[in-house]
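Handing you a structure now.
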Amino acid sequence: MNQAKGAKQWIIPDGYIPPTSAGTLESHESICVLNCSSEEALLSITVFFEDREPIEGMLVVVPGRRTKHIRTSGLAKNGERIPTGVPYAIELISDIPVIVQYSRLDATQAENALMSVMAYPLK
Amino acid sequence: MNQAKGAKQWIIPDGYIPPTSAGTLESHESICVLNCSSEEALLSITVFFEDREPIEGMLVVVPGRRTKHIRTSGLAKNGERIPTGVPYAIELISDIPVIVQYSRLDATQAENALMSVMAYPLK
Amino acid sequence: MNQAKGAKQWIIPDGYIPPTSAGTLESHESICVLNCSSEEALLSITVFFEDREPIEGMLVVVPGRRTKHIRTSGLAKNGERIPTGVPYAIELISDIPVIVQYSRLDATQAENALMSVMAYPLK
Amino acid sequence: MNQAKGAKQWIIPDGYIPPTSAGTLESHESICVLNCSSEEALLSITVFFEDREPIEGMLVVVPGRRTKHIRTSGLAKNGERIPTGVPYAIELISDIPVIVQYSRLDATQAENALMSVMAYPLK
């Protein structure tokens, strides 16, 4: 039996899906989650915007002893997706402790730009 | 009623507005704030320099359940703005807990460079 | 006698070895460890995947009062290495406290992209 | 009277001064320090290497209510400097609490790459 590690709630204030890709790689964001436990983790992701109501409760499962690098462009709730080219923020709630990192590849130009942060854990 | 989350005071030691842009995107910094609460958050931003007095108390409002990605070039106090091409540091104080991340897009060259950090929370 | 500092367990959810290099530099990741103590530190590194069992217990020694910037492509266990082009996650356990940062240089394109995060410490 | 904020000891495991610059900007690292206090802060910086003894106690002063973005290439102790092109790690000790961030601009290629992390605070 492997124990769950990390925190159950994580925040990423700077979400942004670049609208275009000019190079050989595609612009994207990844929410990277590690589940150290033997049990699966059920994630509920809510995204907040500058000028409209949040999209709440997009669900993702991470199996036990696995990582998942979640493309934000693939998240949906009732057919609604995160629009590209719009500033937003991410809240991730898990039923068991996990660890969360956020990375963005911006390929708006022919050459890539990369950024990454550890998400901010709440108690 | 949604609860406020995070911290009331955040620090970003490495502020810098690149003076030029060569690509299709414009060089800029964003202070990205998430307000999880139903109440609005009133932010007071102070910037520190290497060789002059700080600019204190630039005010920004973040509505409840919203994010705001604040362009530092748009901040002002009594008509005074943050100069470009100068190293500075940022202190953000909020009346209710929020979560803060800082990102910079440097388009000094034709191709972009990106960096991002979670701001440092003080108790 | 210098004291050990930091934490004994660190997590990096976003591991990825870029499969190709187009520029003059080679794409790579580094797990950068500082051992402040006078004693050597014995690290055990486990990597987790999205769809297969983890590779557990790859060992690395960091001498006392030294840093080591570990290339992930050099890690192995029973001849098994971390594959390139595959999302994975890293757990690092040390017998004494150390401090851990993770950086990636992506040279998939002719121009470099860089990202770095402090690893997430567990108690 | 303004109060000191932050921590007195900070660690950056991934130090590296790129040996070359190909673009219009010069490759460099900055240790960015904010001193919120009205008193000046005296910093003592030690750097650790992979295969030799540390360079200890390089001193820097940050005036009260000021930031300083310290170029690592300018640090010296008894005429000894940090070599370029060599992996190293940084320990910063301050006599009063400060906040520390580390950023690197890599201009090895014509186009820039940027990375930044908040330094790791020790208690």
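Here the chain labels run A, B, C and D in written order, and each chain numbers its own residues starting at 1.
The criterion applied here is as follows: a residue touches a chain if its C-beta (ideal position, glycine included) is under 8 Å from a C-beta of that chain, and two chains touch if they have at least 3 such contacts.
Protein names from UniProt, one per chain: A, B, C, D = Sensory rhodopsin transducer.
No experiment lies behind these values; they were computed from the predicted model shown.
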Size of the rotation, in steps of 5 degrees, that lays the CA trace of chain A (Sensory rhodopsin transducer) over chain B (Sensory rhodopsin transducer): 90
Label of the chain whose CA centroid is most distant from the centroid of chain D (Sensory rhodopsin transducer): A
Same or different contact residues where chain C (Sensory rhodopsin transducer) meets its copy chain A (Sensory rhodopsin transducer), judged by the half mark: different
Rounded Å distance between chain A (Sensory rhodopsin transducer) and chain C (Sensory rhodopsin transducer), as computed from the means of their C-alpha atoms: 22
Chain B (Sensory rhodopsin transducer)-chain C (Sensory rhodopsin transducer) separation of Cα centroids, rounded to whole Å: 31
Where chain D (Sensory rhodopsin transducer) touches two or more other chains at once, by residue number: 110-111, 113-118
Residue ranges of chain D (Sensory rhodopsin transducer) in contact with chain B (Sensory rhodopsin transducer) within the complex: 5-6, 23-25, 30, 32-34, 36, 65-69, 99-101, 103, 105, 110-118
Residue ranges of chain C (Sensory rhodopsin transducer) in contact with chain A (Sensory rhodopsin transducer) within the complex: 9, 11-16, 48-51, 53-54, 87-89, 91, 104, 106, 108-111, 113-120, 122
